[in-house]
Amino acid sequence: MKAGIVGATGYGGIELFRLLREHPEIEAIHLYSSSQAGEDFTNIYKHLNSQETIVLEELQPDVMKFELDVVFLATPAGVSRNLTPDLLGGSAVIIDLSGDLRLKDPEVYEEWYKKESVSDHILKQAVYGLPEWNKEEIVNAKVIANPGCYPTATLLGLAPLIKDRLVEPHSIVVDAKSGVSGAGKNPNPMTHFAHTQENIQIYKVNQHQHIPEIEQALHGWDEAIEPITFSTHLAPMVRGIMSTIYLKMKEPITESELHERFSSYYESRPFVRVRQEGNFPCTKEVYGSNYCDIGLTLDPRTNRVTIVSVIDNLMKGAASQAVQNMNLVFHFDEQAGLLRLPVYP
Amino acid sequence: MKAGIVGATGYGGIELFRLLREHPEIEAIHLYSSSQAGEDFTNIYKHLNSQETIVLEELQPDVMKFELDVVFLATPAGVSRNLTPDLLGGSAVIIDLSGDLRLKDPEVYEEWYKKESVSDHILKQAVYGLPEWNKEEIVNAKVIANPGCYPTATLLGLAPLIKDRLVEPHSIVVDAKSGVSGAGKNPNPMTHFAHTQENIQIYKVNQHQHIPEIEQALHGWDEAIEPITFSTHLAPMVRGIMSTIYLKMKEPITESELHERFSSYYESRPFVRVRQEGNFPCTKEVYGSNYCDIGLTLDPRTNRVTIVSVIDNLMKGAASQAVQNMNLVFHFDEQAGLLRLPVYP
Amino acid sequence: MKAGIVGATGYGGIELFRLLREHPEIEAIHLYSSSQAGEDFTNIYKHLNSQETIVLEELQPDVMKFELDVVFLATPAGVSRNLTPDLLGGSAVIIDLSGDLRLKDPEVYEEWYKKESVSDHILKQAVYGLPEWNKEEIVNAKVIANPGCYPTATLLGLAPLIKDRLVEPHSIVVDAKSGVSGAGKNPNPMTHFAHTQENIQIYKVNQHQHIPEIEQALHGWDEAIEPITFSTHLAPMVRGIMSTIYLKMKEPITESELHERFSSYYESRPFVRVRQEGNFPCTKEVYGSNYCDIGLTLDPRTNRVTIVSVIDNLMKGAASQAVQNMNLVFHFDEQAGLLRLPVYP
Amino acid sequence: MKAGIVGATGYGGIELFRLLREHPEIEAIHLYSSSQAGEDFTNIYKHLNSQETIVLEELQPDVMKFELDVVFLATPAGVSRNLTPDLLGGSAVIIDLSGDLRLKDPEVYEEWYKKESVSDHILKQAVYGLPEWNKEEIVNAKVIANPGCYPTATLLGLAPLIKDRLVEPHSIVVDAKSGVSGAGKNPNPMTHFAHTQENIQIYKVNQHQHIPEIEQALHGWDEAIEPITFSTHLAPMVRGIMSTIYLKMKEPITESELHERFSSYYESRPFVRVRQEGNFPCTKEVYGSNYCDIGLTLDPRTNRVTIVSVIDNLMKGAASQAVQNMNLVFHFDEQAGLLRLPVYP
């Protein structure tokens, strides 16, 4: 297998490189960078040094689409929109880690991303790559829209209840907290250490572009769901997302019925771990891994359900989920190259 | 003025000492510690060293209640419950930073704190010390129950809407995040650096003892309010609380009406700063100060209001609010000794 | 007293503003910014908001030098070099927080700063503002070169031994660690949170521009001192410098003689606190204060002395030391406006 | 291969478990805990959960020494001293991660560890497991004393110069900085988050028990080396050690000769990466990996060499180095199970 990574010098790109380099089915990795082509990748990221030189290559979609088996696009919003059309039509499968191919309705994309959408006919080919819920479509896909970090944590926490239309449609509030790496590697005032340390910041209130992505998936499962409240906070840490989800059930449910529902939904999904009653995960318990850990409870005082879902935003929220999707498309073991336990402490 | 601090070696106690030592009206500070009486305080906390020796004294309530003008109880839950009766009846005003005197209903205290409550007749004397809403009662109080850290941030964010009974009674969800200092100075696995760093943890889900405290105040303002959902998270930082509050209004309101309501409510309260439309505070912007900063917005998609309220949990959430209460009781300038800007970065 | 701050929007500038605003002798503060003149300062830094609007002013040296009593230059290297000549000749005292006026030899400045030096005759007027060792000159100065952060910690740790020429001239090694705020507020890859967190970085090895500043002061005390080894590290924290100093004595000395020497040297200096035998300071013990805490010991196995000196780099290493210098020049109490205990935890 | 881990619930133990579980040659892992035998390991450490139950076993040295191929002792100082004699004499190889078997002279152990030493005849069997310098002995060992974290970083930084006796014997000063995980998982005031965050602390000045370990290895290479100055600091991070090493050469050397010496020494050692001239590693560049990265330079002003050596203290400083030693003893590929790139950011 030959894999290519476009945007290799971003945080998503270097994590993909790390995973693919240790993946049992990958023989060669090509790295592409528009701004740093010709440079030695291990000279830019010295932590990746391992005796070999890896030259960043110029993008050549015409060649890549025939010579590569899979191309990962780990690029900022707005890039794969332009690149995907050129990469289609060969043998390469495309896995896009950006938000460009996720929203089925171009108008919604344009409203939330403030950019022009890719054409409708490409959006139609793109399969939303949430393996725990979409496996059947993924295995046959040529283009995969890898989910966003917040949607991954949030949708895995909501799905077992929404799928069966058990939730009051207007009751969903999601309060999400993320580490700083989600903002990417370009330095800016909001990610300056002196500003971020000892700080919790809320940002893009009611305007985060992951809101329509979450709602689109929810509507796929239960079209009655109304717009959700979804807030994003920056916590003083590098990695990790916690989505704390609040909702009301249409019908009364017991604590143990709730847990049973989640446990049975996820028992065959190796990367989702549901906690026992009374136990809740923290982000560090999935650090560096492809796991999503979920805890939940019902408050008899308010009749609200609280669901806590945690992931590593660069792994299950980006790079390792992309590898999981690749495993499915190529009929590898779903866990190939991903059998790594979280790094603790 | 002579002030005494019981529990001087805890985090609340050392902050009180720092504030009182620089307070223009305080001449003498006595520190009390049951476990470390006789030791030099500045030897335990070397950062407080300043040429003088300060010996920790044995508790003598009978003497203290006549010789001191004010006694701060910066003790864990369960201590002031026993101590307050002995300290009453002299000239000293009591300001209790623990939760022992806050809940008017002894049964509620016992349910949430799992301890026996102080007697009813002492609870009746205790005034809830939230100066922005309770000034009239505070100025005449002999016993003040200083509010908890989470309730301070949350109630200041909710009050302008609840006071006028504008909020849907069953709609309130509060997602709160706190720094680690709120857990006190005794080392335990949850505050171990190696566990806490790079981590967000949720704890005491639906069981935090600040829930009845918040609800009691809300009911004082609007008795129709139903039980709230209130979650507490530990963020990898030392100081700071952010309460992100979600609610629905009974009647439609515009964004600018919302802001005007908050601005006019707080314009005469020097320690609450309301942000302009589109701007939200972060915890670092109140670090080391007595400020509570509030930002808010209405989401037209969901009709939910989001209110973000931040404080320094050891300051406005504990020590500096206690000093603000002292200022009111003794008819000092409300801002005396508290005119310190946040420390940034 | 009217004070002006040039470069008010940098980290040094905002700390100066905070200190001067609470200083008992300062009536008015004018803030200057070349890039943001006309803007409201409290709009840029919302944590400083306190009901008043403070408009950033255009620099007008001709006016400033007559209307202000003191001008603080909190600007990057290379700015005060140009500005100082225009600000001289009026009534205003100039306190420069940058490195432009510290090195007496223009060639040394040019070698280490890679910029053209200010003229010799201005350098001659500039007094090095280390109050613990230079008080007599400072009280008569019109231009003060406020010491760098690393030199402050290092020189206060070395002075009691160097002044009496007790140290082997070629034996000095200083290993210094600093928080990230020392790098200023402009975002760059080295201060990006995702890079800095969980990281110790060494930088400018043997090339830091504070090396000649330290050596110049040491030579003023003992001209036999040879070039020192001085290394700078970035630690994952916002504030604080620790200089760990290693040296050998010319003649044998006992542990208690060592301590006595430091204690007696500093007993009349209110801002230097020498620890007792066996005790060493950490940076958090001076956080937010003007203190320099020093611990030291002699290793009988190696005959090396280890001296640990800690400061808050933005306070004693910049802003509060500048205020201390102002206090001396204007014959205020040396501690005026600086009687603040460290903020802990 | 059957492996056992004694002290599995400590930080060293859980890292060993993580590494062994993904090691290609390990079929079964037995975990032992004196205090928590009978409990489910994945219930104590929920991040390790992966569908299987792993019961912590009671220690039975008589059985273990025959049924296991390798036993890792990840226990505090003082435990393997008692345990090793009972584990010898069977088929199991013992790899001890504590300091009990490292010092060849029992008196030195007793002086620095303040405990009774294991008997001389066991010390004689123990091979110091620094694979880059001791491979020949390691491959034949039955008992391996895995090096301490500080010694690993420091010795790898010093060896290429000491081995050839090029260093002035009395000139060595090592200033080491470590993350907090090195202090172990038991909570104490020094590792409390509120104390450690925003803090650099020096500890055990001139008294760290790793000093004699380093000196013993140095004397093995050059017996003329005199006692070294070695200081340890706690930085506000979880993982990582940086040893900044200062020394003087006996004879003049050029910068490029220096680099060539290090490069040629380490070119056949896969886990030591020497940086090019002008480049220095930071701890994050080896995070989660078995690498030791080294940068160095000569200062022509002082004739001192500065060497910067970084490791992950829980990996190359403990668990992964133990696995590297196991690989050598059992003639596996030295890199088996250790081909993991650092986790960045």
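In order of appearance the chains are A, B, C and D, and numbering begins at 1 in each one.
Methods note: a contact is a pair of C-beta atoms (placed from the backbone, for glycine too) under 8 Å apart; a residue touches a chain by one contact, two chains touch by 3 or more.
The shown structure was predicted, so the numbers you read here are calculated from the model rather than taken from an experiment.
With steps allowed only between chains in touch, the distance from chain A over to chain D comes to 1. Considering the contact criterion stated above, the chains in touch with chain C and with chain D alike are A, B. Taking each chain's centre as the mean of its C-alpha atoms, chain B lies 36 Å from chain C. We define each chain's centre as the mean of its Cα atoms; on that basis chain A and chain C are separated by 46 Å. Averaging C-alpha coordinates per chain places the centre of chain A 39 Å away from that of chain B. Counting partner chains per residue, chain A shows two or more touched chains at residues 11, 179, 181, 185, 194, 197-198, 236-239, 284, 287, 345. Partner chain B is touched in their complex by these residues of chain D: 11, 179-181, 185, 187-189, 191-194, 196-198, 236-238.
Residues 170, 173, 175, 177, 179, 194-195, 197-203, 205-206, 226-229, 231, 233, 235-240, 242, 244, 246, 280, 282-284, 287, 295, 297, 299, 301-302, 304, 306, 308, 310, 345 of chain B are the ones that touch chain A when the two sit in their complex. Across the complex, chain B is touched by residues 11, 14, 18, 21-22, 45-51, 181, 185, 197-198, 238-239, 270, 273, 275, 279, 281, 284-289, 293, 339-345 of chain C.
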